[in-house]
Amino acid sequence: MSQKTEKLIDKKGLRIDGRKPDELRPIKIEVGVLSNADGSAYIEQGKNKILAAVYGPKELHPKHLALPDRMVLRCRYHMAPFSVQERKSPAPSRREIELSKVIREAIEPAVFVEYYPRTAVDIFIEVLQADGSTRCTSITAASLALADAGIPMRDLVAACSAGKVEDMIVLDLNDVEDKVGTADVPVAYMPNLGVITLLQMDGILTSEEFEKAVNLAIEGCMKIYAMQREALKAKYVSVKEVEE
Amino acid sequence: MSQKTEKLIDKKGLRIDGRKPDELRPIKIEVGVLSNADGSAYIEQGKNKILAAVYGPKELHPKHLALPDRMVLRCRYHMAPFSVQERKSPAPSRREIELSKVIREAIEPAVFVEYYPRTAVDIFIEVLQADGSTRCTSITAASLALADAGIPMRDLVAACSAGKVEDMIVLDLNDVEDKVGTADVPVAYMPNLGVITLLQMDGILTSEEFEKAVNLAIEGCMKIYAMQREALKAKYVSVKEVEE
Amino acid sequence: MSQKTEKLIDKKGLRIDGRKPDELRPIKIEVGVLSNADGSAYIEQGKNKILAAVYGPKELHPKHLALPDRMVLRCRYHMAPFSVQERKSPAPSRREIELSKVIREAIEPAVFVEYYPRTAVDIFIEVLQADGSTRCTSITAASLALADAGIPMRDLVAACSAGKVEDMIVLDLNDVEDKVGTADVPVAYMPNLGVITLLQMDGILTSEEFEKAVNLAIEGCMKIYAMQREALKAKYVSVKEVEE
Amino acid sequence: MTAATTVVRVKQKQIAQLIAKGKRLDGRGLTDYREIKIEQGIIERAEGSAKVLLGKTEVMVGVKIETGEPFPDTPNEGVLTVNAELVPLASPTFEPGPPDENSIELARVVDRGIRESKAIDLEKLCITPGKKVFVIFVDIYVLNHDGNLIDASALAAMTALLNTKMFNYEVENGEVKIKPGYTPLPVRRHPVAVTFAKINDRLVVDPWLEEEQIMDARLTITTDDDGNICAVQKGGSGCFTPKQVFEAVQIAKEKAAEIRKKLGW
Amino acid sequence: MTAATTVVRVKQKQIAQLIAKGKRLDGRGLTDYREIKIEQGIIERAEGSAKVLLGKTEVMVGVKIETGEPFPDTPNEGVLTVNAELVPLASPTFEPGPPDENSIELARVVDRGIRESKAIDLEKLCITPGKKVFVIFVDIYVLNHDGNLIDASALAAMTALLNTKMFNYEVENGEVKIKPGYTPLPVRRHPVAVTFAKINDRLVVDPWLEEEQIMDARLTITTDDDGNICAVQKGGSGCFTPKQVFEAVQIAKEKAAEIRKKLGW
Amino acid sequence: MTAATTVVRVKQKQIAQLIAKGKRLDGRGLTDYREIKIEQGIIERAEGSAKVLLGKTEVMVGVKIETGEPFPDTPNEGVLTVNAELVPLASPTFEPGPPDENSIELARVVDRGIRESKAIDLEKLCITPGKKVFVIFVDIYVLNHDGNLIDASALAAMTALLNTKMFNYEVENGEVKIKPGYTPLPVRRHPVAVTFAKINDRLVVDPWLEEEQIMDARLTITTDDDGNICAVQKGGSGCFTPKQVFEAVQIAKEKAAEIRKKLGW
């Protein structure tokens, strides 16, 4: 993260997009949006626009990759060429390969993988527009797509980032805050079980700041979790936090 | 197709290589030219020099790709690095991948694919020198190679292009006419059945011109078809249309 | 090999690193250096630093590649990005692919491949630092790694280069001699059987010079062979030829 | 591609028999399109964008503009690049990986329609002749595959190009300086692709997925605003009589005119 | 990844049960590292190099320096590139071929530790702003995999960077002229990665291979000389409670300080 | 590569037994080449071309000339690039795809013969030292594989180089201007590769496919016009005694001289 001279927090303590430090961006969730996939979800979080689809459980080819006692969960995080400022080549980047791995590992703890031995479940995530913290928004969507597909799960996984922007710990970094801020802490959380399933950090934080950021991100996850559950019931939900 | 200022039709209505509008380029055909392939054919049409070989029917690996009720017909159209003005990289281009598909789909209607279930037949086409309308010349050769391999067929497929060059609908475009002309219409045809198996077009034509071009191309196919049959009998034939 | 103006042989007939024409570079050999591999060896020859590991015999995937009457011997010669002056891309170069083939073919004559039908044995060679004649040093190491893995062998394979440097036939070319010299003749040899298993040459030699170079390289192989046997017993040996 | 189950076979038979009678399982006439829904400008990060719903087929297109070098044989023209991705989210038959023959064919057919109709005035995209031009990336992204990807993609591509905004600029010492404001991309023609499936020797327009699975062959006719043909592509392992082809041309002209009218093109 | 044999299962059970009691099969305490052996400067052809042995895990790192272009958004900074190869010599589970998700994750976690702690003064590696900078290639080469590749690789990378020598140079008409002598790379921070495995709901530091095979999840905390956190990475298909995470942070700070002290950093 | 059928085995045994008696199944003596037929200049689009028939083995070579940058260590020399494709048309054992070890070895052995004999005066192909030189692409295209691809390819490559015509040019402000007329490529040496198979401990020259399938090992000796050796390559999973190698060298010199004489080189 490189430091630049932009002013990210104004005199009132509000952020570049007018949010309070602990405020989420507006979120829209829709479940079951694709007719071909076994499960799907579409989410907008700020200007993030992300689709997740689930196919499976299904047979695995070649067969020697199948596991005798559990399903194989696979995940592909992919960005559309037009999702970012400079056109992205369609070939998967190193970043996309790493994120596919950590997202899969963030979701796998929630899935009863032993229910469908010898099968595969594929999670496909397409970032149509990227606006910071896409890995969190992707996990939130992927988790809903799995539930929509009827894959048995211990809990939904909700994900949200926190970070440090100009000496302030803030929730749910947008693109500018992610790039120009001091630190970024993406977290995925299973509220019912009280456990963290994704945790990364880059930047510089004291351990106190880190603890604060993780706890703030978990609070964000709790709010998102409520929306996820709402969306599963309603198949569609749109929330913008109002001034309290 | 970009318009340039070259003069493609002279005052007598003759084309850049002296041909009349409805005249084919000189054609040489030789069948059974390669000792390893199960069937093969070599064709020269103008400066096009093209080899086609057929291998099969044979086992398919991996086996789960085999079809229970028919053979799998595969086709690879490939250009030698030295076949064109600027050296072509040996890796298959997007154009070569598309042409491999449309050529396969032009030939498949002629083949009794159900005679050899669970097998594969490979058609390999190598363009040694390219001089316009190579996809048509390739189909003409591939069809002969299949016949030479003894693959059961409904009919031979003959192919020929027509196009528009300076307001005139002409037969069998050469390289310059293809690049500088107004439109190109490659057609593959099964004369006995009276059906078109390949049809593409790029450029600009009124529907009347298009109809005229397709009909002219079919006439070309009929002439080439006669040569194909001759070549299968003689294993070698060379034809240059003479002034009538 | 390009001719440059550096002086490679001094007035006393000594080489750029002080060696006599028929003198090997200092050699250190250690066998059984890696805990995961079934067999391994590390060798330093001059500034060459090379690791070889053997895995197998083991099952082959996909199974249709297995041979009913013998093992499949595979070999990968690979250079670390930092092993040469200009950083080498990690993707295998054409040179590495050729060397993997000739090294495999240099070692295969020594292996009783028929003892383990339907299996595979992998030889992995990593050049950590390259200083000329790496293919020979690699063969010497790979042969020890095979022995360390308990793969049944007719004989050890020892390898050494000879070449022509400023009108003199010399043993065991280093990097500078390899690049600036007139010719390079890498040889692999099985002393007990008296046969050559690798032979290449590039440069220009009369047939008399070539014969002399091959014979000198075989002498080098004999010396290295003695060290190999010593190393198998001692698991570690370090030899620098002393002035006689 | 895999063996169809019995239930599927029964449905396929039904679809084919209905078509022989001039009817379709979803109630459409043989030359009717499914409902077309278009959204545009939905990807703010892209210079142009559109999403087309053709029944349940869903295609998104994003347009990005960069600067680059012209092709040596057209030094005064910008570069148009059309790319298509059949992302695995859109269909159980799509696989991750580099573009296969289907996505390449899709991109090239859409590309030819735009290019051959000279829909974009590429000469207006030249910055410094022979050195620097604008490169227009048209990225087709199939989100749900329910048949007739070509027509949906061609519509989405043209819609995205029509709402594409280019930043204003001036050239100073060979460098492009961005100036305030935007101008639309110089789009002057509106090619429309109309695709037919041949089933039971009849032609149907805008085949949906289940029709495509049983069709003998496919034919796409792209026409421009004047009813001229600018691109044709036959696909599939079957054939057409010349009569069927010429009949398709007439229908394609009519359907394209209808669509152009509906979209105000 | 394949089904473990009975013998292996028994051993795995034993490892897990011991850890529940606060013990480890190899006699270490839960927060003890294996023996660390470091060699440096061993690859003369490289500008910097190191080999780290962490128990039987063996990682080599070579540093090469070339000139190249800066990234557009940091025109005044040199470029740091970290790459990792899991060469098949190092483990029966590694395959030849392009980098897979494991080697990419390894490289990126090590990269983030160095980059986010600003360990290298990249501004000192600029030759001509916006045009020419030094590019530092850090190549991680795993030679034997016995667990905890991240910590071993991060240690080897920092050791190699610390012994990296850059040739002296001057710029003449935009061309770099080499001058006699060498200067060390401007390294100013010493990030240390400390990795935990969660087994039987307990955290163990520096897991060896057999512990990794039964761990639920992995957590790496990288801290800088001041005890600030500069990179975190959770791996594996399990989870951590927030309490475990915060506990790990404290242990990581202590272990990193110990290592830094031992190495004289 | 697959298990040979009984009929094939019987034939293989016969071939081997005949060779032990100094005879070959096709009637040749052990050191006889098959009939060599050469066509040249057959690809008008290429600057040079040739087709060689060695019995039923058929190899085409095309030479293309482009301009490019020299290698940093030879700034005054043009660049020679030899590439070989074993297209699947030529043999049931060839597969489509990127070059495998066999095509790479073939290209590199032919390349070394031309390069090490200094057959082409690369210094005459320099346009602007260090900046711009001619790049000679020699593309080997195997059309039918009936054994001994190396010798056929080397012959075709040299024939194609010998009939290669370069356009005349002058350099104006660093740009190459084409002038009327052509000059031949500066070829000054005529390396010839002679390949041996070892079967039943005997050496045979110019093995055909069925001999290659049973040979223990392969040896190629390339010599120049003066009988000097300029490239050697042992192939195959067998071995040679030193005596066999030196014997092969003498035969190779004789056979190469014969071929050079026959071709008027």
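Order of writing sets the chain letters: A, B, C, D, E and F. Residues in each chain are counted from 1.
Definition applied: a contact is a pair of C-beta atoms (placed from the backbone, for glycine too) under 8 Å apart; a residue touches a chain by one contact, two chains touch by 3 or more.
If you're wondering where the values come from, they're calculated on a predicted model, not measured in any experiment.
Among the other chains, C has the CA centre that is most remote from the centre of chain D.
Taking each chain's centre as the mean of its C-alpha atoms, the one that lies farthest from the centre of chain E is B.
Taking each chain's centre as the mean of its C-alpha atoms, chain A lies 26 Å from chain E.
Spacing of chain A relative to chain D, judged by their CA centroids, is 32 angstrom. Mean C-alpha positions place chain E and chain F at a centre distance of 48 Å.
Chain C has residues 62 in contact with two or more other chains.
Contacts with at least two other chains are made by residues 99 of chain D.
By the touch criterion given at the top, residues 34-37, 40, 47, 49, 51-53, 55, 58, 76, 78, 80-87, 90-91, 122, 124-126, 128-130 of chain C touch chain E in their complex.
On chain E, the positions that touch chain C within their shared complex are 42-46, 49, 56, 58, 60, 62-64, 66, 83, 85, 87-92, 96, 98-99, 137, 139, 141, 143-146.
Of all residues in chain E, only 3, 73-74, 99-102, 104-105, 107-108, 112, 115-117, 217, 219, 224, 227-242, 245-246, 249-250, 253 touch chain A in the complex they form.
Residues of chain A that touch chain E in their complex: 1-2, 68, 94-95, 97-98, 100-102, 104-105, 108-109, 185, 190, 193-207, 210-211, 214-215, 218.
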